[in-house]
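Here come two complexes built around chain A, the first alongside chain B, the second alongside chain C.
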Partner chain A sequence: MSEDTRKDSYEERISGLTSAEFAKALQTFCDKIDIGDAAQLNSCVHCGLCADTCHYYLAGGESEALPAYKLNLVSAVFKNQHTRLGRIAPALTGAQALDADMISRWVDSLYGRCSLCGRCALNCTLGINISRLIRLARTTLASVGLVPPELQSTVSTAVDKGNNMGIPRQEWLDTLQWLDEELQQEVSDPAAHLPIDQSDIRLFYTVNPREPKFFPLSLLATAKIFYAAGESWTFSSDYYDVTNYGLFSGDDQASGVISARLRDSMHKLHANTLVLGECGHGYNANRWEAPEWLAGAYGFEVKSILEIIADYIRQGRIKLDPSRNQKRVTLHDPCNLVRLGGIIEQQRFILKRAVSDFVEMYPNREQNFCCGGGGGQLSMTRFAKRRIESGRIKADQIRATGAKIVVAPCHNCIDQLSELNKEYKLGVEIKTVSEIVADAIIIGH
Partner chain B sequence: MTYIEVGGKQLELNDEGFLNDPEQWNQEVAAILAKTEEGLENLSEEHWAVINFIREHYEQTKLAPMVRSICKTTGLPLRRIYELFPSGPAKGACKLAGLPKPDGCV
Partner chain C sequence: MSLALLLRLGVVLSAIYCLIALTILIARTFSFGKQPTYAKAQGSAAKGIVYAFGQGMLPWEKESASKHLPTFFAGILYHAGIFAAIFFLITTLLLIGLPDAAIRTVRLLAVVGLLSGTGLLVKRSALPYMRFISCLDDYIANILVGLLLLVTILATYYYVLQFAMMAVAIVLLLYIPLGKIRHCVFFFYSRILFGTFFGRRGTLPHPSTED
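Right after this comes the complex of A and B.
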């Protein structure tokens, strides 16, 4: 199906929704709202301070991108459903029914002008978790099959094929075997290799499928670090995908199916620690959200690879020579890893020991700006132009540092940053933390 | 919506510069996309080896090949692929071969 046909049929779906589908959407909306959400949906005082927190609004200046506007789209439906005045006299209270027009506005603003980055929520004077409420609206749309098709396709591929790029098992294994040769050359040891399905080990390492598919140098870099540290670790032959696009589509059921797989791999491998590769939303989804979707705690430890690498440095398990990375390096903070994930200082600890010239961009840490690629934006071609436009804020931040290398511990961000590099002519290289560490590592120290 | 003109016909590109209808692809399309999307004025034998393999693989399987298969078939080293296509295997090489944008973080 061509893109255009896909676009038309999606819009036709919205205008042709049946009353049963509206009822189902509303039921999902009401079921998902808890008492805390209800309080927050009634709390916005329209102070407007959220405007300057949103990269969409800062870059484009459209009122449909204002966080308060987006929140109001959700509050309007809540008031229409749950307040007496909102039912009797919607016009007086700003209440509005969830009809086809409202759904189109939800799609346009809540899928199309938000990366769920959480910066508005962090800076809201009343502490309203705006991005959580936007995701709740996405969950409502997902319940009646209204996730934009390009985003749904990535979720469906993950559910149906076991990873979000649909990589067949044999091709994954062939790629790992091929990387064995590269690793052996890299560390000058013919016995070096990438372990698969080893059990009773310390770490089970998970990856973003775009690494084996198109960008395997980051896998090689991590394998080199594990080799240097003498780590007991493994890949899994079946489920190894750290991503979970259900977090972005809003589909809790799919999110649960996907996250159960890494848990099951952990049990199969008898590993101590689930190690999440450099993937922002994969960290948030698997570290914080998955126990909610799975309705139970994991019973094992979950760590970011950044925590593991930082530990190696602290414990002297790897030695780094920062003079091997001479160019100026800056760091991008992926929203889901940093603001929403809590992994803030480890990457800085690592970079200060792996490169000779490290500079921060501003603002940084939990106040970082989203690169524009999160929240499923990278998938949704229909909103691609807005994505690139919203990334101008990040491009300006990068340019101001004078850095030649941007390190980003997230493959989703890396793809967006690569596009920004081209669009805004930044002239930078973009690397993972593992890649920059692997370049500095002293083998056989 | 953007268009490119190939052999007197207007072909549609989506908002990310991928060919809207992969069936409209031919080598002339690849050469034009190389200029407009990748800034490549001329495609070398190495470029064509990669593009033609990706296209053949797609026509057989409806999928983009793994970068490993691209290297094994063309004999090119991995790092050379990134030099040849500045936007990488997905948004560079696969786009020039007329494939739809792959699922995932691309």
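Right after this comes the complex of A and C.
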């Protein structure tokens, strides 16, 4: 393991794994593989063309960050288990057993040098879903309790306390009450308020717990938009956390527990649409992965808040004055929302109507670079140095636009971008789409 | 039995072995079972698959190609050479005499393919990051295919070297199911999976912009 991987009980735990634990890990690995995974684990031709699609490799140049290397680590175990040549002559195809050495390499590269952003998958010559296979390895590690402890603690807090920041119910309700008063002042309407636990409504709105904890004004911004659109919506007093770090830890069981809460709240509230606040991985987890974890289709719509806002504009339910946002604005595309989520044009449609000077960064849309904060990297402090270094690619993209404001529809990204802002002296403000829209909205329209 | 007949039989038998082994490989892959998908599609898997085999193969659609144009084109030419060599091998086996123009085309494609393949081998051997992701299988596969291209070129000049071509073909056919050349069957499925994944999610083909 490299210098920024602390020698701690976690590492000792890897070296002390029992043969029963190795067997369990291997069993999980084999059980989770489906036809597609097996085909793709047989497919890599080692052409190396994915190398510079990865921000880790681009920024640091370390061979252990090459997407093909990370894929090799997973396919090595597959070949060792499931191919004849891999068993007879492992050296020939790079096959290797899932032993302590391989597990250490998995942790170092598959947790420590990957944000599961999917950029390599999009650009792989053969179309191999490398990030999915890296997550498969994470699931294997999770089955024997080898999720890096800081990431595990975020997942455990969400499972045990109902949200990933462990915000007590009363604190959440107090924040909403305070925001109620703020909203009334903001829109000059004493009847305006933030609904809680309303049933038979159209939208159940979920948020990243970082909002009530650190950025309550971004909640206020969305409430203002709902108010202006005359929306029928609600918060829940119990489960409102859109995040799901199980997506990153690889723990499918915890992922299922966390996502089931929002699904069950939808049923309890008799809401029509589950609206996911500005959170990239929260969108991917709840829109795309949760029905798979829970093995059942959702009987309701799941939408990003960006789709909702774009509809308001199209339908004339809100009116925006772009001259209220004069500074140059650029947009960061969160990988989990855009490349892996399919929400690509809505945010552009909105921003072009909400600001007067919008510029794209390059590359953008599905080819965007990850900011470096995904994949659980923001939690895994042991890999923080690499995270900041990998973010240099995003910092360079931002600087090249000359923008004064970076809009990021993801609170994970916002945290990482804020650190990049300081580290790389970008001198930009970082905002959500809702905040920009709330600044441009004409109340009383 | 003459050497020519023996080699011809050898190629046929090794081709049959290769096909059976690849079929078993596919059957074993299918034995892993398919997980159902429950999330409601946003885009279209079918359109994604069409993209994966059409527009998505164009160099400007994939950064891995657009940033590495020499490698991208070398790869295409290498494969064109391989298909030409296979075509020539089949016609030789079936004792079909090719017109001069066809032989010259095979030769040209094989020469360009050999040069491209050699270039890719040099790249793999020379660049540290390529060595890092490569295993012995990568070099063996490249050398065996290169050898087939070389003897094919020579066989288009000298009839007697068709024996050497068949001998190399036997070794190659026996090796295909074992090593990386098995991607010849998985390539198509991999692209289908790619198209399905990004197509269902509405990421590809690129959604139209709304101005």
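Here are some notes:
The criterion applied here is as follows: the second predicted complex is superposed on the first by the 438 of 445 C-alpha atoms of A that agree within 3 Å, B and C clash if a C-alpha of one lies under 4 Å from a C-alpha of the other, contacts with A are read in each partner's own complex, and residues count from 1 in each chain.
Everything that follows uses one rule, which is that a residue touches a chain if its C-beta (ideal position, glycine included) is under 8 Å from a C-beta of that chain, and two chains touch if they have at least 3 such contacts.
Computed from a predicted model, the values in this text were never measured in an experiment.
Shared-chain residue A:Cys124: touches chain C; no touch with chain B. By the touch criterion defined above, A:Lys385 lies against chain B but remains apart from chain C after alignment on the C-alpha atoms of chain A. Number of chain A residues touched is higher for C, counting chain B against chain C. By the touch criterion stated above, A:Gln377 is placed in contact with neither chain B nor chain C.
Legend: residue contacts after superposition of the two complexes on their common chain; A:Asn208 is shown touching chain B, with no touch to chain C. Look at A:Ser434: by the touch rule set out above, it reaches neither chain B nor chain C. Touch criterion met: A:Asn412 reaches chain B, while chain C stays clear of it.
In the superposition on chain A, A:Tyr298 makes contact with chain C only, not with chain B. With both structures placed on the common chain, the touch criterion links A:Ile344 to chain C but leaves chain B unconnected. Using the contact criterion defined above for the overlaid structures, shared-chain residue A:Glu171 touches chain B, although it does not reach chain C.
When the two complexes are superposed on chain A, none of the residues of chain A touches both chain B and chain C.
Of all residues in chain B, only 1, 12, 14-16, 18, 20-21, 63-64, 66-69, 71-72, 78-79, 86-91, 101-106 touch chain A in the complex they form. On the chain A side of its complex with chain C, the touching residues are 33-40, 42-53, 63, 66, 68-69, 72, 82, 84-85, 91-94, 121-129, 287-292, 294-298, 302, 338-342, 344-345, 348-349, 352, 363, 365-367. Residue ranges on chain C touching chain A, taken from their complex, read 25, 28-30, 32-40, 42-43, 52, 56, 62-65, 67-68, 71-72, 75, 124, 127-130, 132-138, 140, 178-180, 182-183, 186-187, 189-191, 193-195, 197-198, 201-204, 206-211.
On the chain A side of its complex with chain B, the touching residues are 2-4, 150, 153-154, 157, 164-167, 171, 174-175, 178, 182, 208-210, 212-217, 243, 279, 378-379, 381-382, 384-385, 411-412, 415, 418-419, 422.
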